[in-house]
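Shared chain: chain A. Partners: chain B in the first complex, chain C in the second.
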Partner chain A sequence: MSPYLTSLRAIVTREALRFIHQRERFIAALVRPLIWLLVFAAGFRAALGLSIIPPYQTYITYETYIVPGLCGMILLFNGMQSSLSLVYDREMGSMKLLLTSPLPRWWLLFCKLVGSTSISVLQAYAFLAIAAAFGISMPAVGYITALPALVVAGVMLGALGLLLSSLIKQLENFAGVMNFVIFPMFFLSSALYPLWKMAESSELLFTICALNPFTQAVELIRFALYASFNGSALFWTLAATAAFTTAALWGYNPARTGISRKG
Partner chain B sequence: MIDHISKSLFASAAAYLLSTPVSAGEIWVTNEKDDTVSVISTDTLEVIHTYETGERPRGITFSKDYSRVYICASDSDAVQVMDPETGKILHDLPSGEDPEQFVLHPDDTHLYIANEDDAITTVVNVETRKVVAQIDVGVEPEGMAVSPDGKIAITTSETTNMAHWIDTATQDLFANTLVDSRPRHAEFIKDGTEMWVSSEIGGTITVFDVATQSEKAKFGFEVQGVHPDRVQPVGFEFTDGDTHAFVALGPSNHLAVVNADTYEVEDYILVGRRVWHMAFNADKSLLFTTNGVSGDVTVVDVAARKALKSIKVGRFPWGAAFRP
Partner chain C sequence: MSGLKVSNLSYNYGAKTALDDVSFELETGTFCALLGPNGAGKSTLFNLLTRLLVAQQGHIEIAGFDIATTPRKALERLGIVFQQTTLDLDLTVRQNLSYFAALHGISGRDARQRIDASLDKLGMRERADEKARTLNGGHKRRAEIARALIHNPMVLLLDEPTVGLDAAARSAITNHVHELTQEGTTILWATHLTDEVQPDDRLVILHQANVLADGIAREISGDLPLKDRILHLTAVPA
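And then the complex of A and B:
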């Protein structure tokens, strides 16, 4: 087997093992969106108002509306969790071991992205299955068409996690990520409320929400869950992925980090 | 191999075409505020025609051969007869004041019309265009129904809160039965052995045994997250075999699916705002509801009990009728 594939298998297996061994992490990752879906959404049922916006063709409940946003939430938190684990790896020294591999650094980071995205997508599907069990279901074909959208969104948020992990030096600084990245990204998006609703209250907030790459990722998932294609959301999600990946590669540049690779 | 695949594909396509239900037809919807009717294709689920009518069109029904459509133009104090092929008004029928709902007798000739402002039910012969009888009923008559054998007609009166039973042979009342507040709609089912009346303010449906005109059952509705005051049953229709009823629950913006044997509510379906009435397509696989406030018609998949699409029509859609 080529060394590239060996490293891919090793890194993905490590991610999978870590995920399997941390069952609490899996449960926590599902409990969070489920609380939003079954508690928060129930209370805010009337808040959405009644309006038909694409990709929906008729009136929907608030629970139905926030499902794609909560899938995005899973991907977002998982991306950040992955970033947290990289910071941990750096502190524990296992990252040094990884980065001393003779393979190019971009490939190692790509493997890491594949591992974290696979787990994110798996969790998103587990969440969709539980939501369906509670009667909040999408068209059957949507569960298939959502897969590429979840992968693209997962890669974008994983790349963001990589970028952050290259910038955060200590585990203690991670709380800042919660306050300055996760919360603003989630709340300033179309995950919980449609953007036309945001435009009604503040044009500035609407503009920020529209520019937020997380909004684009959520809309990409939303359309895909209804077997519809949102070209602009795909474009901006891919553009954000390219930007985050480039910045992450720069962040992990040996010349910059001082963690040089031994030939 | 290729031959085998192409044969299989052809067989599958043929089977699909044969199994696809023939659902070609139109749903005609009256728009109260626009003084129009919107015609929706049951195939494309799009509005294909809009025709002008008299003022405030509400009740709508077709003649047996679908060559004429009758429309209650309430504020024009007329029942209008339209040619559904051209959308042209052929003539008006004498209807009494403020006709709101009506029902065509199985003889295809007599139209029973509720005159809301006059507290009467007017019987009009659609051939001679003459009033045959005017029957005193309760205050603000609205709901109209006729038994499948044509022997009994029902008028419900919104303020008197009664179902009035009319003998169509003599055009006289032979029974009056109390129901809950503001009865709006009535239907006979199960070969005319049962009669259902919805009460908008009472929030209930009362089921009568037709032979004895006695109350057989009564049930209400509870929509999660909606105040009970907003759960107001109005129009309803029955699926094939009268097994289930779909009931419009007005400003609760939901339809209820009721088991017609156990009288239990099995499901609620979110539709547009202030749902009034509804009509099925040809094979009863799709149901079209008129949503007054949101100005649209929601298409419901009857088997899946799911709303598929909402179609914009005119302002304040009210009545609905199917034409093949």
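And then the complex of A and C:
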């Protein structure tokens, strides 16, 4: 087997083992969107009237509307979780082991990204299965066509996590990520409300939401879940992935002093 | 042949100089102790030798390969034991070693044979299936040294590998690593403990970003115990 595939398999397996060892993480990752779906959505059902917007062809319940956004939420939290574990790895020193391997650094980081995205996508499917069990289901073919969308969105958010991990110096700074990345990204998006609703309140907020790459990722998933293709969402998600990846590679460049400064 | 060659290496963190024109060369199969008080620049030197940092000035050659121009060839020939434990505590010793082997592109039967040989060398074979978390400090270290040897490195770097260990474990590990030089491995052993340096070892003393002394330990210490000689050499004039 080529050294590239050997290392890919090892890194992905390690990510998977780590995930299995942290059963609470899996449960937390599922409970969070389920609370939104089963509690928040139930409460908000009456408050938010939804008109028919693509890709929906009929009136839908609020629960149905937020499913793609909650899939995005799982990918977002997981991307940040893997970023947190990278910072932890760095503090514990095991990141050094990875970065001193003779394989190219971009490849090693790519392997990490594949590992974290695979876990994200599995979690999203676990969530979709539970949602379906509660009667909130998508067209059957949507579960297949959603796969590439979930992968692309997962890679984008994983790349964002990678970038953040290269910039965050200490584990303690991670609370800031929660406040300044996760919450704004999630709330300033189409995950919980359609953007035309936002436009009614504020043009500025609408523009910010439309520019938010997380909105694009959520729309990509939303359309894919109904076997529709949203070209512009795909384009912007890929563009954001490229930008985050390039910046992350820069962040992990050994010529920068951030990675291993000590003594 | 040169195992490790450091020429005119300098590194600054902004205004703070961590290394200033550091040079030394180790022949293949040399055991060299790198001694220096905290803040002397040892960790920066290790980060440069392992390419976690890139030198701002100067060159590093590992088994003849320049780490700036041929980083992969250089890293392939380098084994590293970091100061902090870098074992995954939830995995067994063998799983930890397999992960490392894979990062060097080694898998399958080849990996298993190398891992067994490496564990044998450090007397750790019977602990292969224990979780890293259950090992004591000395055994964790030995597992890490075994791991660093899987790919048969020509140069082995150890950054204060005996920190936090009791006297017996320290002496066992120091002896194990000295034995590796008989197979032609070049060793650079960073420490601030003079009792880990044997009289015939090569010794490089780093102090305030510079090489303060470079030679055979016995010759550097002269008629004083090494500890006193170092204190004398690194004393700040009143």
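Brief remarks follow.
Basically, the second predicted complex is superposed on the first by the 255 of 263 C-alpha atoms of A that agree within 3 Å, B and C clash if a C-alpha of one lies under 4 Å from a C-alpha of the other, contacts with A are read in each partner's own complex, and residues count from 1 in each chain.
Heads up, the rule we're going with is that a residue touches a chain if its C-beta (ideal position, glycine included) is under 8 Å from a C-beta of that chain, and two chains touch if they have at least 3 such contacts.
Note that the structure is a prediction, hence the values are computed from the model and not measured.
Residue contacts after overlaying the shared chain place A:S232 against neither chain B nor chain C.
Of the two partner chains placed around the shared chain by superposition, chain B is the only one that A:Q57 touches, whereas chain C remains out of contact. In the overlay built on the shared chain, the residue A:A42 is in contact with chain B alone; chain C does not reach it.
Legend: residue contacts after superposition of the two complexes on their common chain; A:T207 is shown touching neither chain B nor chain C.
Shared-chain residue A:R14: touches chain C; no touch with chain B. In the superposed model, C is the one of chain B and chain C that contacts more residues of chain A. Looking at the shared chain after the overlay, A:S2 reaches chain C, while chain B stays out of its contact range. After overlaying the two complexes on the shared chain, residue contacts for A:P104 are found with chain C alone; chain B is out of touch. Chain A makes touch with chain B in their complex at residues 42, 45-46, 50, 52, 57-61. Residues 1-4, 6-7, 9-11, 14, 17-18, 21, 92-94, 96-104, 108, 254-255, 257, 259-263 of chain A are the ones that touch chain C when the two sit in their complex. For chain C in complex with chain A, the touching residues are 13, 18, 38-39, 41-44, 47, 50-54, 71-73, 75-76, 78, 80, 82-88, 90-91, 98-100, 102-108.
Residues 225, 253, 270-273, 294, 298-299, 307-310 of chain B are the ones touching chain A in the complex.
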